[in-house]
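Data block below; observations after.
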Amino acid sequence: MTGTIPLQYFLIISTLMFFTGIYGFLTRRNLITMLMSIELILNSVNINFVAFNRFLYPDNLHGHFFSLIVIAVAAAEAAVAIAIIINIYRNFRSIDVDKVDEMKF
Amino acid sequence: MIDYTYTLLIPLIPLAVFLFTGLAGHKMNPKVSGLIGTTGLFAVTILSYLTAIRYFWTDHLHGSGYQAMKAFEIEWLHLTEKLTINLGVLLDPISVMMLIVVSTVSFMVHIYSLGYMKGERGFARFFTFLSLFSFSMLGLVLATNIFQMYIFWELVGVSSFLLIGFYYEKPSAVAASKKAFIVTRFADLGFLIGILMLSFMTDTFDFRTLVSPTGPAMLQAGSATFMGLSAITWALIFIFMGGAGKSAMFPLHIWLPDAMEGPTPVSALIHAATMVVAGVYLVARLFPVYSMVAPDALHVVAWVGGLSSLFAAIIACTQTDIKRVLAYSTMSQIGYMMLALGVSGYGGHDGLGFMAGNFHLFTHAMFKALLFLGAGAIIHAVHSNDMRDMGGLRKYLPITHITFLIACLTIAGIPPLSGFFSKDEILVAAYHHSMPLFIIEFAVAGLTAFYMFRLYYSIFWGKHTHYHHTPHEAPATMTIPLMILAFGAVFSGFLPFHELVTSDGLPFEAHINYGIAIPSVLIGVLGIVVATLMYRKETAVPAKMAGGFGSFYTWAYHKFYMDEVYLFVTKKILFNLVSRPVAWFDRHIVDGFMNLIARVIEKSSYLIKGLQSGRIQQYGYVFVTGTIVLVIIFVFIL
Amino acid sequence: MNILSLFVLVPVLTSAAIVFTKNMKQTRLVAAAGMSVQLILSAILVFMYLAERNAGNTAEMLFTYDALWFPSLNIHYAIGVDGISVAMIALTGIVVFAGIFASWNMEFLSREFFISLILLATGVFGFFISLDLFTMFLFYEIAVIPMYLLIGIWGSGPKEYSAMKLTLMLMGGSALLMVGLLGIYFYSSPDGGPLTWNLLEISKIDIPVEMQRFLFPFTFIGFGILGALFPFHTWSPDGHASAPTAVSMLHAGVLMKLGGYGAFRVAIFLMPEAAQEQAWIFLILTGISVVYGAFGAIWQKDLKYINAYSSVSHCGLVLFAVLMMNQTAFNGAILQMISHGLMTALFFALIGMIYGRTHTRMINEMGGIMKVMPFLGVVYVIAGLASLGLPGLSGFVAEMTIFFGAFQHTDFFHRFLTIMATTSIVVTAVYILRVVGILLLGPIKDEHFLHLEDAKWHERLSTITLVLAIAAIGIAPLWLSDMINVSLEPIVNKISMAGFEFTGLF
Amino acid sequence: MTVNDFLLMRHELMLVAIALILLITDLMVKPAHKSAIVPFAIALFAVQTIVGFLPADEGVLFGGMFKTTPLISLMKNVLNIGVLIILLQSWPWVNKPENREKMSEYFILLFSTLIGMYFMISSGDFLMFYLGLETATIPIAALAAYTHHQTKSAEAGVKLILSSALSSGILLFGLSLIYGSTGSIYFDQVAAVYSNAPMQVLAFLFFISGMAFKISLVPFHLWTADVYEGAPVNVTSYLSVVSKGAASFILVLVLYKVFFQLFDIWQNVLYVISVLTMFVGNLFALRQQNMKRFLAFSSIAQAGFILLGMMAGSQMGMTSVIYFILVYIFSNLGAFGVVAAIEASTGKILMSDYNGLYRTNPKLSLLMMLAMFSLAGIPPVAGFFGKFFLFTSAASAGLYWLVFIAVLNATISLYYYLMVVKAMFINKTDTPIAPFRSDSMTRLGLILSGLGIFVVGFWSQVYEFINSLSVGLF
């Protein structure tokens, strides 16, 4: 499995994912979906780390560890986020992001 | 060198009196402060006469001429390493002569006022101001340098302001005092600029240095020229502007008639005898400079003087307020003096005009003060300034009548009264210098005699007016000064001025030039005769005459509308076209701009408030855009 | 304890003591006591200074004291005085003293009022004694900021607006100033030695000319705004009109002098070359404000506006003289600052007293004041005469020194401008006499005025103090101008070293 | 690990311990005595603060992931002071009945974020940095949504968590690129090989924008105002001083240590950002009526000033930044303390509610005025010195025009700070806030901040001490 797929492909994929995530975050009206887009971004980052590590710097494991940590943090983040979103749902009776603009200007 | 330090007391005594009565005046009985002032002036008079006698006769070493000497001098302020302002006492012929004039008239006026101002509300205040004036005037006379002169110049200005506005609850008096101060102030601006230029060129203020034939001023004849005249000529013209303002020369004379709003003794002292001749004195002071390096400036002096005397004499013929008539006659007589200086040369017999000018200054002080005080006595009796309310007063006021008549004859130049001598010398000098000026002055001599006797007759003769309470002669405090001054008016003509007060300090031979004296006397007599015919009895002639002159008469009656012109310039132009726009500009443009900045900032804060829409995704947009912009700038552009 | 530090300490202690006072009476007593001490101190300082000089002490600054404050930035608490600052301190002492008594009956929040007033004074004193640019700037802003509260709380008319405008414009000025000072600091040692904030040390070196070109406008305008430099003067009419009496007195009398003093001490002194180059611009501006202010004053109806505009004119003359850059003109500028400080303070005091009785400041609503309040009337006339430059009062000395100093300039342009400036003395006469004529003289307009009483003892004390000072300077100016002249020596020498011909005195 | 290593980590370990103790006690005590937790927690943290000041020596742990120096522990202590004051000020709010059963969560969450900041500041590599960052962020989101019955609070929470997630996503992407281009995540190794190759600049920019989000610099600041307004006032003050301070610390450290090769680039980046930040922050603050929102925007503007210090890239710069943050903590907490006290006792939060406050509560208004002056940089209070030194260091880098812009902005900011003073001292109203006497803890908190406002400026030793520790670019 060594080097059959060149690094560029990974990077392209990850970049695509990154911008897809951002696109989703900016366009999706549903808070949960926005959260998922965030996950996309984070995963693109993970792919980056792993790919870099695997192809460029196989002699250390920083990238792998980093991606592991990111996954863990992402989980925590998601947990808190969902908790708050539930809270939002309690208060606004909806999880449509556009409803959540009580405070402005 | 003989010690004259005591002359320092001459200005200081009135100052002390001023401070004392000014600070403590309201606490004590007004009479007391009046007496204090008078005694002070008495002392001053004694000292002045003493000084004069010593200077002119006892201490004088013959042959060497009269030297200017500094009796006293201290440093007051130093401006630059070369220019320092000193205060001191300078004694030379003209200053000693002026000492006599000022102290005499002032003393007379003090005594006179004791009676005239009796029972006035501001009695003490009046005498306080009088002492202030005396102090300033004496300081001016004794100035050792031109800047000291300027200092006291301003001070006499302000004391005249205070005295004209003495009845400060009368709007007309307030207006008159304001006018007098501002007009003279404007003239003083010229004086200041003149001093600036002169001191810049000569690096000195000191009179003795300035006028010494080897002094720095004399080297300036060929100095840089501007519009054809050398810089020093301009400087001297500017300085003369100051003198013209104080001496009410055309066109800066407009304050003088209004100044008659002040109490009559004030008019006698300030606006007839002393302050108004300060201009003449100033020119006389700098006379060597004028005549040696700036003859053009001297021509200006001569012509301004000549025209003013004619102008004033014409107006004087038409006025009905007796004090205004006297005011215009003062202006006319000062014109004489200016002209005399203007036509004079330097040294020996050429300096005739110089001598004549000072001579006339001296005699004029006597008879004009006498006239004013007489007028005061009349007003005191009749409670009116207008000659149309008078007539046939001679039997009510015998002393006033006689003295007034003497004064009128004197000013008309009837020998052997003093006026004859001084005026004759002037005419001679003018004759030698320029014909047109001589003719003007000749005519003016006639006019003078005419309007003075017009005045005299319509007061003491003419119709018999009915006074609701019979006029009575003034008290002794007022009549005695009249008599003393009358004495002066009669005999001061015999003073040997050509030996005492000359342009170069050396005496010269002066004799009466009959070729000019006789015509001048004749035209004086002619004027008197005409006046007698017209005004001795009430006739219709004056009205006809006036009608005959037509619009010219009305113009003269309205003083050739000079006041209106000034009013137009100040009110319309300065106030409405300069000051008002400036105020508006400041409020709306300059300040408006500052407010505009504030408003722009505030508006812009409302403008961009949409940025904070409260929607998370829009925040995301901005975030990402910001990042991308940074990337574009710093990765792709830089 | 250095005597100069007392000038900062005494006010601070006074305001600290005021905190514990119970009522208005105690408060004003404490304030008066403190400021009297301050006045006495300044008198003592003057005498000590003259004694030192006569003893032959020729040091540039006397009574110096220097304590390292922020070592890493080389910021010191460095104080010291020369004749100029001594004169300014004396001025401040007098004006503050008079101001306290002028606001004797301040009922409303009296403690706060006097504390802020004295805090302001602290800033001013500190500014005049400091030799270190940092502390100078510190005290400068300390002096400026209490104005907001003083005007905003105790003012009248559109006070919030005026207070805010004044504060913001002056702070905008210090924005410029900050840049200038920082620039000076970072070029204070061309040979890579330790940088310094110390005025004297900086004056020993020459700041690179191209840097001066950049920094001079910042510094000069920064100070100039406080000195009412056209067209940045518009805070002054509104501010003065809205401020309470004592504040107008202090502000116009003393605070505006910080501008002139700083412009002279920092901008001109440290950056003479740039000053020479750019002087003409500012000369035109100041020349404008001299005449323009006077003309603006003619048209005003409100006494305080009249005085504010005349302040613009007079302070313009200060900056004008400073820019002429010769010893006599400098001397005149300092004299003018002092004389204007005294007489404008006197004016504002009188206006406040008259306003307190007639409840109007519109001159056309008043008249014949002289009849009912002879004392106030006479003093007002004296103030007016001082302001139009009557000999024997301080204004004349200052103006003449300025005019003659400025006219010494060899350049025709400068002499021409001088003549332009001299015309202001006529215009000044016009508006002063206009006020005197309408306000004091003539018949009484309003019968309510008939039973107004004349000045109280504290008002007399306050005004007489100022009148005496004005007269003293006007009658015997020599000692003062000598005191200033000696201290001008080093400054003029530095300027002349900058290749500038000047007319010196010694 | 030896004892010495523990000593090196004493900030973190003690705080973890404290958090755990609180957790356990929260389980132990009966609901009746829950209120005893608050003084307990405060006392514990006071100990923590004091211990933090004990002299520490520098060292590196975990193979370079964690490192501490006197400078870093100083930074931590600065944060501690802020947190302590906040805890004191939050007394009346935490003791409210509706917070009774979850008061210990408040402390635990707060402490855990603080732990995160500790780690972030003393991180030696990007992994630890990222961990600390997230640990510092996520609990704050929970804190922002603390009062779950309030819609605003919930909204603040979701806004914070989502946008911070986005920002940390972008930041992470930057980190991944850094790793990809350098092959290491250790600061010193990265610094050794970093250059201004386009990709590395790109990575750096991603990183900067992530950090800018934390310090709420324009245009990455938009979450700030809403979160500040919605969150409980004490959480807001925590966000505005402590987390902003921590982020600035690590930013200046990273900029100086890791990216010093890119000095020219990041100086320009900061130039642009700081000008934007100052203007936008001020312009928004002008209009605000809600005090929390008002302070939010003012703190944005202040962040713009902080950048001026960073741009110097010298020891002076770092000193001025740390010093300013210390001053800023005191001043801002003074302001927030007053706002909190008033909100706790009356529930009023609008500027118009403050009209005539001086008549009823002079002491509070005086402190508020001092705080406002300090924020505006008016002598003699500390803010003046803080700002002046920031400007000095900016000028030392020759950025005179930037200094000019900054001081102009200071003038603009003076306008709205004075509006508060005006409201309290000048404006008249019929219904001023009734006089009230806040509890001793709050007063202690207020007094502490007041003292700080006064003392830190004049007492030059503070500045000199910081200066002796701080460093410039390598």
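By written order: A, B, C and D. Residues from 1 in each chain.
The rule is short, and it goes like this: a residue touches a chain if its C-beta (ideal position, glycine included) is under 8 Å from a C-beta of that chain, and two chains touch if they have at least 3 such contacts.
These numbers come from a predicted model, not from an experiment.
Two chain pairs are in question, B-C and B-D; the one with more C-beta pairs in contact is B-C. Chain centres defined as mean CA positions place C nearest to the mean of all protein CA atoms. Here the CA centre of chain B is 37 Å from the CA centre of chain C.
Each chain gets a centre from the mean of its Cα atoms; for chain B and chain D, those two points are 78 Å apart. Separating the centre of chain C from that of chain D, both taken as means of CA atoms, is a distance of 43 Å.
Here the CA centre of chain A is 66 Å from the CA centre of chain C.
Residue positions of chain A touching 2 or more other chains: 22, 25, 34, 100, 102-105.
The multi-chain contact residues of chain B, meaning those touching 2 or more other chains, are 609, 612, 614, 616, 620, 624.
Touching of two or more other chains is recorded for residues 158-159, 162, 166, 170, 225-226, 287 of chain D. Across the assembly, chains come into contact as A-B, A-D, B-C, B-D, C-D.
Contacts from chain D toward chain C in the complex involve residues 316, 319, 373, 378-380, 384, 388-389, 391-392, 395-396, 400, 403-404, 407-408, 410-411, 414-415, 418, 421-422, 425-426, 460, 463-464, 467.
On chain C, the positions that touch chain B within their shared complex are 165, 168-169, 230-231, 233-235, 237-238, 292, 295-296, 298-300, 327-328, 368, 370-371, 385, 388-392, 396-397, 400-401, 403-405, 407-408, 415, 418-419, 422-423, 425-426, 429-430, 433-434, 437, 440-443, 477-478, 481, 503-506.
Of all residues in chain D, those touching chain B in their complex are 158-159, 162-163, 166-167, 170, 198, 201-202, 205-206, 208-209, 213, 218-220, 222-223, 225-226, 265, 268-269, 272, 280, 283-284, 286-287, 412.
The touching residues of chain B, when paired with chain A in their complex, are 609, 612-617, 620-621, 624.
By the touch rule above, chain B contacts chain C in their complex via residues 75-83, 85, 150-152, 154-155, 158, 165, 168-169, 171, 174-175, 178, 181-182, 185-186, 189, 192-193, 196, 199-200, 574-575, 578-580, 582-583, 586, 590-591, 593-595, 598.
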